[in-house]
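Shared chain: chain A. Partners: chain B in the first complex, chain C in the second.
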Partner chain A sequence: MTNPLRHLAAGAPAPTYLLRGALDADADAVRLDPRLRVVDSPRHATVLLVAGRLPDPLLTPAALTHDALPHPRASVWWGDGDPPARWLREAVRVPADGDPAAAVCDAHAQAVLGRRPSEPAVGTVVDRAAWDGVGPYGHGGSGMTGGTPYGRSLPDRDDDPRDGLTLDVLRVTVGPFFSALPPGLSIDVRLYGDLVGACELHEDPFATSGLSFVAPHAEPFERARTERVAVANLEQARISHHLRALARTLRLHGLHALSDRALRVAVAPTSSRSVERLLRLVAASGAPRAGAGTAVLTAEAAGLGLGVVARASGVADDAREHDPAYAPLGFEPVTQRRGDVRARTQQRVAEIRQSLRLCQAAGDAVREPGPPVEDPRLPVDALREPVAETLAGLEWGDAVLALDSFDFAVGTPRAARAPAGVP
Partner chain B sequence: MTALLFAGVAVGAALSAGVLTAAVFDAAVGATVARTAGGPRGVLLTPLRRAAVVAVQRRTTTERPDARAWALAPALLLGLAAVMLTVVPVAPGVAVADVPHGVVLFGAAAATVLIPVFLQGWSPNSAFPLLGGYRMFAQGLSSMIPFALVLIAAALPAESLAIGDIVASQQGLWNVVRTPLGLPVYLATAPALAFWQPFSGPAGSDLAGGVELEASGPHLLAWRCAQYGVLVGMSAVGAAVFLGGWAGPALPGPVWVVLKTLFLVFVLVVARHLVARVRMERFVVGAWVVLLPAALADVFITGWWLL
Partner chain C sequence: MLSSLAAALFVFLAAALAVLVYRWLDGAVSPNTQEEPQLVPFTGGHEPAAHAWSRFHVRYYAMAVLFLAFDMEMVFMYPWAVVYVREGLTALVEMLMFIVILLVGVLYAWRENALSWQ
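Now for the complex of A and B:
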């Protein structure tokens, strides 16, 4: 006889931890499926959903993430071909054009009801000696600072940049599957308590492994390089891109329900009125006003060819300005001045409104291939070092918001922004 | 002994009902904001189903946690939530703990919340939960004084620290009018002490859940129930101290207590879904520069009114 509690649990939206890989399907749309609930920590999930191929450097972190799920747990591999890791061969498989939510829901129910054995630890080898700290719980004591004596980095001692007091400094790598960062992106940080002392962004593992991919909503930008594409389609795709970025930002602000609504509007074709209603709610929440003076990127540092990020710094650089298809629409670039987190968020909101107007004005107008495409996707490598510099000296929460404000698109082909930046 | 047992059952029942109602409100407001289809049945069942999932998950552990302190944290938080509810009078002279210093007992319980939250952050021996624990200290210490001051201002007209007397002193004019800054300051500081959005930095998404990050299974369930419990406890005392408690026309006093408590829970739940998280530094500065002077002004205004 099955426990009624387990039956109740089996009917719940499956708590799922999403590992985003190289997949041409819309992984964001999964978040909106009522049959599952994407969570921020693998500790709170029953199902690990691996969406697409993972480059080799991410396989070990993926295995560690798998082992962090509590029992009962299950994995779902969403993609075509063989799974990228041996431990995923036993996972439930869904083709790229299949229904991942149904598979996740089923795997969750089977695991919770005990009809499918909970997956054992993958047994990833981590080179660590036994914890050997001092005190009843081994949390500290003499000799517990500096270096990596037990196979894990222990805090160094250094002067706090704010007040000069000597305190412990922790060197940590955050990512590549930290829910608050773009999937696959890792950063090395020196943490002085809650303060980021120094920071380094790793390269995009997808781009360096040749695993570039194009999300469905960004597909019109790719096509526009070589084909005729309706201007309205391009602007709809831009609205969708910016709304997805806004949804991620709202999640960081703790507004999960509003984030889901933004994502819903981004994924499903919708009216301009519903977008406006959403933007009014977002404005009232205070989220777009956060981050004034944080992570400022000057116009000189931003330069040309960085799309939204450059325009938020006051650089009126927009490939649409020189595109004949946009000339009859009276297009003029919108810009902000400050170049901080707030400016980048407000720039996105302003561009959503601009694209709504362009959609209405464009009618059936078609854009011919040839001129540079204003692609909103920003590859990580376009701005790795300047961004790392802007994060130094920020509190951790601000640093995460700042990194989010650049809206890096991992896995974006390097050519995505190359044609932009027409002076 | 029987009385003690009865009191325990009463507080347990009130806490359970309050936690469930708050969770249902949370699900309903969240679904409305997100425009999620599901209907009333879904809204009612979703919190139960989610709780069931967490309950059947096994507890995970970390490398060298302080297991005893970690296990103690949710129990302590749940206990503090229960203490908050014990001092709430539902009718004249009817409270589980109708003590002469009820408002002090409540204030002490609210201030102590940061201990279990810090324990929950420190014990797993993990970086992000620890940062969450430190954030709670910054947030808790900044909000405690204005929180206590508005409670004192509300007690002045009653010339008593018993919550029953404070409610009785509001016959004819509730403290929400008599001490005009009291409820706004209370509603700005109570969620901070309950680490509730928009003051949920200790459990923030930028820390992947912060103090909750490493918790799972029954431990996590107890922790989340305890947080809802603290929210309900603070709302119940807020209803008694600022909204006249059992006072109200037509309906029996206990019904008014419940309705007013649920109103404040609803306000806090709506704020959770519609107000962005306040940065820790901004909150700390705001607490000392705005909330503390406002709370002091509340005390002076109330004193002037009484003169």
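Now for the complex of A and C:
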């Protein structure tokens, strides 16, 4: 009875959990491949796709993520050179310029049909001690329920910040492979029910391990520091960057089809009309209006050199204003006023429209190297403490949306952003 | 009387049997092979430090109790509708008095911030 079902499952789009590392290929494009179904939890996946090299601090979380996949499971290592961990040496390998979807589909089919043994756990699987209290029938003890339930202590107690009631507080580290956060970003949170009491952002693990990388769509910004680059190319790269951020936001709102559409426009070169049509759909969805008054970053806290985030707080700081290549185009910075989640999303939409206009006006104009480049990528280290402060006091869902609105580019080289006018 | 009891018993037994059959089918098609790493909450690649059972303030409690109170009031209105057909204006006035008293209760709850989420 199970064989026909297994064949059906093997032929379905492969449920895949994506671990993003330092990769020279466009890992976002994998989401659009109809042969795969990129899922938001390892519990729903058969295949773990490790895209690119992982720095040392992420190897243990990657192993734990691997073990969270249910059986039967398989791993695919997508990248050049040796895999970063021993357990990945047995994985199916795909070079950076290869076709990961084909390898994932094959690994999925082999695992489901039982032609390839399901991968064992990387870590030690322990059977947690049964929950026994101090009484003769496993009952009683100190605390709420007594004993140590299944080898883990009960949460600490603390006064709730809202009304001072002494209740349990959960200390949780979320990330680096939590699908709602930027890949690679970890945060420590103290949760009072669904309320974030305090929050701390970890350092960028790629930067601390010297494994910073440049995603293919951001490559024009790197080249512009040392080479002549067409203005239209730079603005197209900016549109692609903002659309990818918009796609992640839409996914968080549960608008998966619209998110895929935004990603499709971002990944493939398209006409300005298709971008405009997409922006109209996004506006109609109501997503850009979400988050009014949430996670406000004041102009003083934002300061200079933070690009979109600063401009959403009303700071008219844009390196293009002082760039001779943009002077004939009549460039003026676009800004918002409120500095909240809504302002940051609307700032991105406004900058996409601005870049469309600049693309059309620029024609064949070329930018000379020298002046600072307006790079939309925001390294984590640029804003860790102010962001952590804005998250405190938010409900968890709002905190995730707020974190997304900053669009941290984990793994970006630290030199990516500098205040306008600072070479 | 006995036949209706037998019918109820039959429906109960059939439902219980259906549940057991579905459970058996579920186990036969997809045997549960979960290990510990698949059973703990996944937060992105870190072991949970504490057990997930925790006490927190159910802040929608007051709102839920108010909802239940008004839900019961609506249930009370169904039999009242039958009485209204027979009694006419008297029943209408009595119901209006009942609703006004309830409305005072809502205003009091509102004043006490029972309807605010935070």
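Simple rule for what comes next: the second predicted complex is superposed on the first by the 386 of 423 C-alpha atoms of A that agree within 3 Å, B and C clash if a C-alpha of one lies under 4 Å from a C-alpha of the other, contacts with A are read in each partner's own complex, and residues count from 1 in each chain.
In this section, contacts are C-beta pairs under 8 Å (C-beta built on N, C-alpha and C of every residue); 3 or more make two chains touch, one makes a residue touch a chain.
What you see is a predicted model, and the numbers here were worked out from it, not measured in a lab.
Peer 1: Once the shared chain is lined up, is A:350 touching chain B (first), chain C (second), both, or neither of them?
Peer 2: A:350 contacts neither chain B nor chain C.
Peer 1: First (chain B), second (chain C), both or neither: which does A:34 touch?
Peer 2: It touches chain B, and chain C stays clear.
Peer 1: After lining up the shared chain so the two structures overlap, which partner does A:175 touch, if you call chain B first and chain C second: first, second, both or neither?
Peer 2: It touches chain C, and chain B stays clear.
Peer 1: Considering only touches as defined above, state whether A:266 meets chain B (first), chain C (second), both or neither.
Peer 2: Neither partner.
Peer 1: Taking the superposition as given, does A:105 touch the first partner, chain B, the second, chain C, both, or neither?
Peer 2: In the superposition, A:105 touches no partner, neither chain B nor chain C.
Peer 1: Is A:60 in contact with chain B, with chain C, with both, or with neither (first, second, both, neither)?
Peer 2: second
Peer 1: Check the residue A:224 against both partner chains and state whether it touches chain B (first), chain C (second), both, or neither.
Peer 2: neither
Peer 1: Just chain B (first), just chain C (second), both, or neither: which does A:5 touch?
Peer 2: Both partners.
Peer 1: If we overlay the two complexes on their shared chain A, which of chain B and chain C does A:186 touch? Say first, second, both or neither.
Peer 2: second
Peer 1: Show which residues of chain A both chain B and chain C reach, each in its own complex.
Peer 2: 5, 41, 43, 68, 70-71, 170, 172, 178, 193-194
Peer 1: Sort out for me which residues of chain C touch chain A in the complex.
Peer 2: Those residues of chain C that touch chain A are 28-29, 33-38, 42-57, 59, 118.
Peer 1: For chain A, which residues are in contact with chain C within the complex?
Peer 2: Against chain C, the touching part of chain A is residues 1-2, 5, 41-43, 58, 60-62, 64-65, 67-71, 121, 123, 125-128, 144-145, 149-150, 152-156, 160, 162-163, 165, 167-178, 181, 186, 192-194.
Peer 1: Note which residues of chain B are touching chain A in the complex, please.
Peer 2: 29-31, 33-38, 45-46, 48-50, 52-60, 63-66, 125, 127, 131, 134-135, 197-198, 200-201, 204-209, 212-217, 220, 272-277, 279-281
Peer 1: Report the residues of chain A in contact with chain B in the complex, numbered from low to high.
Peer 2: 3, 5-6, 8-9, 11-13, 15, 34, 37, 40-41, 43-44, 46, 68, 70-72, 112, 131, 133, 137-139, 170, 172, 178-180, 191, 193-194, 250-258, 260-261, 264, 281, 284-287, 290, 395-398, 400-401
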